[in-house]
Amino acid sequence: MMSRPKLTISTRALVCQDNDLRGEIIVGAGTVLHPQCRVWATGGPIMFGSGNIVEEHVVIINRGPEPLIIGDHNVFEVGSVMEGMKIGNRNTLEVKAHVKTGTWLGDECVIGTVCSTHENEILPDRTVIYGDKNDRRIYSGNKANQMSVHMRHLEYLMQTLPKFNHSRTST
Amino acid sequence: MALPLSKIRDLSFKTSIYGIEERIVLDIGSCYLKCGFSGEARPRHFLSMFLSEEALDDYLGLNAISEQHVGHECGESCNLRSNQNCRGINPYEYAELYQLDMMRKNSSGQTEQERLQILEERLADYLNDVYFKYLLTDPKQRKVIICESPLAPIALKESIAKVLFEKLQVPSVSFTPNHLLALLTTGTATGLVIDCGHLETTVLPIYSSRPLMPFIRTTPRAGKFLSTHLKQLLKEKCPISLVDNPTDLRIIPEGMLTSAFLETIKTRLLFASPLIINARDNIGEDEMNNNYRDVSTSTEVNVEVWLHEEQARGKLAIPGWIRERASECLFNGDEDAESLTDVILETVSKVPSDLRRPMISSLLLIGGTAQLPNLQNRLLQEIRRSLQTNKRWKALSGLADAVRFLDDFTPAEASLAAAAAAATSTSAAGLGASSSSPMDVDPETSAPPRTTTRDKDPRKKKKDQPKKVYQSSGKVFMPNCRGWIGGSLVGSLKSSGPELLRENFTGTVPDWSTFTVVSASSGLYSSQSTSSSSTGLHQQQQQPLHSEGTLAASALSISY
Amino acid sequence: MDLPIIHYSKSEYIETDTGNKVSRKSVICGSQNIVLGGKTILQTGSVIRGDLKRTGTGHAVVVSVGRYCFLSQGCVIRPPCKTYKGVFSYYPMKIGDHVIIGEGTIVQAATIGSFVTIGKNCVIGRFAIIKDCCKIEDNTVIPPNTVVPSFSIYKGSPGKLVDELPESIQEIYEARTKDRYAKFIPRAD
Amino acid sequence: MLAIDAPPGQGKTHQPFVHYRCLCSSPGSSATASTKSSSSSIHDHEADSTAAGTSSAADMNIDNTAASSSSPAPSSAGALIVRASPTSHESLFSEHHNPRSTEEIFASGNSSDEHGSMSLSRLYFCDSCGEIRCPKCTQDEIVCYYCPNCLFDVPTASVKSEKHKCSRNCFECPICQNTLSVVSDDPDVSLYTPGMTTAAGQYHLSCNMCQWNSNEIGMTFDKPTGLAVQLQKAEDGLPDVKEFGRLKDHLEKYFRVHGLKQGLPSSLLSSIQSGTLQSLRYVSSTNHKAQQSDDIAHYTPAVQVVEDTENLEKLMSITSLDETTSMKQRLLQLQNQTYSTQRLQPQRIHLRIKKSRRCRSCRHILVNPEQKAQATRFKINLVALNQLPNITIAHIQPMIVQTVSTVILRFTNPRQEEAHVSLEAGDGANPNHGVRILSENFTIAPFNEVWEYEVGTLTAPPGQAQEDVYDKTANSTSIMLYITPVAPGEVKIPLFVTFSFKARKLQTETGSPKLPSQLVLSGAAGRDSMPPAPEVEYVDKKVSFWTVIGFGDAVPTLSS
């Protein structure tokens, strides 16, 4: 095993045991890391805000020297890959979505299933990338609704996951 | 809104519960196929025929079997010749369903046969899809109306009939001329119909619902011509810059300029410029392009592309002047290919002199290329300008004030005045002539963008002056659907062109150009006239028509 | 061509009484909530999330997989979730018999019928319903709540009907899954 | 990104495959010609089946003349009588051609061109004709309609008036064509409890793919059900529908005025081709008033639609391709074919159908699914897979030019009777590779349910079978082939298979004529017309067909 990760986990966060964490990682309150996810702070630290969900097979890598700051209430669905520079709040990386190196995500973006961004770009708020050809549009839906669903989702995970999984604490 | 209007109509026409009386209306073009049921105001489906070259080979069995075709693994998705799959191989390239020179005899017999085979197989696939995937109706139950272009190759008509009768077993097929059908959607039966499609533009005068076939004229200035011109412009004028290194410019790789790519640019970015620029004689093309560039007010559009060779993202910048001027090629004719304007005026000049005014004041532009935003207004200006300035049309210059499209509005005062003036000279009832609208008095100089674009506004204008001489419904129907809608109208009235019944199908179909005789009511198709080939565009020979003896007029063979 | 014989290391796989062969290198969360029908194979790296169970209920089956199924390497079976009447919950998933799920495919469907083949690297969205006798081509995305009717071939993102399966497909898929099971044999050592 | 991939270009590698040939696509075949009178095709079938019945398994050269005089009417076609047809078929029939003789089949498909051949899983086997049928030589019929999203059966009566679209709550996203969900602003509200008092317009359609939301176009609903009706109502109230209705009235009047006999307009459409010069001159030289009656009366449109000038201006100032609709999006919006993405409307989901299939030559049903949308069972399913030996390539050596490669083909018998197979390599391939079949005649054991459970023991030691075959297990027999490719490139060979077996003939008490199940084979030889014998009777059946087998690419020489 590599050098032990340096974890700073909020007491109100839930980080499952069975996953692969490397480097310096700070996990904010209410954030949930499912088993089988991979968070590698090989360069600078990775800092999660509050209320994020990181599902299995997710890869979050920070290779650069700067810290990778992840805002609040983002969802990283199964198999998504985050290599970007910065991510705002309430973004969704759907299943197998890929945010490439050097990219910044604003707020409330949706990177659709199996879609990817380009390298080194800045996505404005409410960008959605979807479909075979990575089409883009700016959507105008109502996120407030989805926020309440997100909060309930977190609540559920906080209750259910510890029944079946061991969790980690700060090192 | 109470009961929808269409419902009331349905009742009044005694449609049965299954609506079997309603016919299938098909408009089969070289690039798009429109299909639907008669009695409906718009086609149900509008299918594009994008098909790869590779897939085309499949029809000949030249191609390798796709990888899925392996033993038991196979069979799930190896419906090799299904259109979907063919399109899937390379969905960006297509071949037109047919070519105009399909029947040209100079090509070797084998290839012609092959071409026919491909045509038939493609048609069989498309039509099978039309019935079982789109219209979802039993082909055996409904009669079929084909909106046909009068100059489409006879082989196409024969193949259509063959597929419909033999593969699908439809009870009857009637070929009905597209131009006339389109004209009926304006509520009139006299006019000059300009069908600006993909392969060619055909202009056909129709008088009292009689297509004046001898006066039909065509020009290749149409959609395909525009695509070729656009391709040239893109290649020469639009380098691609790399996204990562904007100063690094590349020429568009040939492989990128597929039909689908061009179609995308054409249908999403191009429009006809509202400004006419006068070309001096002998002006170089480059100079002209510079002129275009200088006066252009349209924005540049960046299209992101992927450069395969460089493995890099590129940006194709399409300048505004190309967007507005690519369609200029439709208005600049030469000897081989007359411009739209010239072909229209040529037709007008050839019709009997007392029909000229009714014709030029009842223009109707239809066809896929007519969807190009602002094309019709531009054409109107061009026609007026030609009449006023072009020496060739000096004889017609008196008609300049009468030029009018049937689906344009004319201000009431102007039309009243014009109608009064025209009252003595026009022939048919309901027809009149208009003066030019005040907005574009001077077609020489720039007229501002007047009424424009394909997008029809659902807002409808109230009829404030019900006693107007002109009552046009305006752009209520799309130009590319008008022919189909006409077919639907005629079909819902239980009429159509002469019907060819399945029992009597012998493999041949009536041919416009040979004026084959058809007795409509009995459905008997007599193949007396096998004399002339399909090339007879200005065929002199005409034969009498035996339709229940109702027709008194013109049972004489005449010479032209 | 015949399917190739797959040899596996005897130490890696656990064979159950009913003939299920489950890799020790697969991740099975909440195994008490998972039912495998028999003669089903779970390959290396596959994940089944039996821990995401419905709120409120006591012991409940979260994921049930039928007979002769083949879950390839790296696929993820994960029950779908939504809020219903204001309550957020995960809901059980049912997979029928003779189902093949390709490598790297992520399934969050509500139901997958019998005689279904899902290709590699597909994503089956939340609460999707795949009926009996279907094929999902490689790299297809079936968006949430989509229904795939019987005898369909879906492809693309979003997955669209591209063709129909032949009427003989049930026999073909049944024979294939059985063949696959028969050819999944321990390495002779 | 408009990333257009160039076609793959490089030669693909060819995979091994086994295809079966359907005779309908072979040159000179008449299998699809079923549009003639039905009696002749029935005649064909009759002869086919009797001939197939008489041919004994061992005898390759069937005496078909004898066959034709044997007993008529197998149970499946009991009502039909062999007639001495006056057509040319008669002469053929008295010779040995009409029932497809082995030689005839042999002659029709002896080439390696896989055009018209498919994997077994896509094919059907018509047991009254004794021939393979492909999807192209079957006739589709609609069994039932259903919505592919909600899977509800739609009664045939309402299908057309609902425009073949789902009339429940199923919609397609106008941007990405994904299925839309009905969502509420308030997450605590259940969509499934109607009758609740809810805020006005709190429901809308939303796409979970591209995040499109019907709020964007101002479309909201007060209740979450019956949305389709609301949308269709709006669609039917559009100006084109109104105008269409007006035109229909207008033209109907016109058609009626002109005394249209038998519903066909005299002057309007049937006389189209008489639009001759002669009549024109007549028209021109006489009083126009006289002609007026022949023209359409003055028409007053129901609506007036102006073009939208905004659109051209907008189009002139766009900067990205995404600001206009794609052709795909546009063609799904036939109510206006809009350029503007903001005007795209959600569309109701198109229905799908279940189909039954008939043999084109004998009209027997080959496939008949159960009527319920969700059922996957079939009442009749005569797929070839259950009736013909399934050939798989069990082992293959790489193909090297001028080097002998060994291939093992496995023949699996799906029938419950022992089968005899004889093989013959065709020589019609191009290039003609050297083929040596080690066992040309062999038997395959019948299929037995019990063997299902011992699939694990499928590897009996090879070479130990009693017959001179490579291997025999359960219901399959493997044989060895030596292939010597003569040229590089894909190696494929035509292989002629004759398959004979003793079919069990079940006597049905009722003699129901419509029960061609797998086990009931209609071919019968020398049997009584109606014996109530309860015991199982066996008849000899022999089926011949062509296959094309590909072995992948041959490499020029062995690289050492």
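For reference, chains read A, B, C and D in written order, and residue numbers begin at 1 within each chain.
The definition used in the following text is that a contact is a pair of C-beta atoms (placed from the backbone, for glycine too) under 8 Å apart; a residue touches a chain by one contact, two chains touch by 3 or more.
Keep in mind the model is a prediction, meaning the values are calculated, not measured.
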In terms of CA centres, which chain lies closest to the overall middle?
D
When the contacting C-beta pairs are counted for C-D and for A-D, which pair yields the higher total?
C-D
When centres are defined as mean Cα positions, the distance from subunit B to subunit C in whole Å is 50
In whole angstrom, what separates the CA-based centres of subunit C and subunit D?
29
Between subunit A and subunit D, what distance separates the C-alpha centroids? Give it in angstrom.
47
Overlap residues in subunit C, where contacts from two or more other chains coincide:
1-2, 83, 125, 143, 158, 166, 168-169, 172
Sites on subunit B at which at least two other chains make contact
70-72, 75-76, 79, 313
So which stretches of subunit A touch two or more other chains?
113, 130-131, 149
If we count contacts the way the header does, which residues on subunit A are in touch with subunit D in the complex?
110, 112-113, 128, 130-131, 133-137, 139-142, 145, 148-149
Subunit A - residues contacting subunit C, complex:
18, 35-36, 56-57, 78-79, 95-96, 113-114, 130-132, 149, 152-153, 155-156, 159-161, 163-165
Which stretch or stretches of subunit D touch subunit A in the complex?
1-3, 175-176, 183, 185-187, 206, 209-213, 215-216, 322
So in the complex, which bits of subunit C are touching subunit A?
27, 29-30, 47, 49-53, 55, 76, 78, 81, 83, 87-90, 104, 106, 108, 121, 123, 125, 139, 141, 143, 156-158
Quick check: in the complex, which residue numbers of subunit C touch subunit D?
1-2, 83-86, 115, 125, 131-133, 143-147, 149-152, 158, 160-161, 166-172, 178-179, 181-182
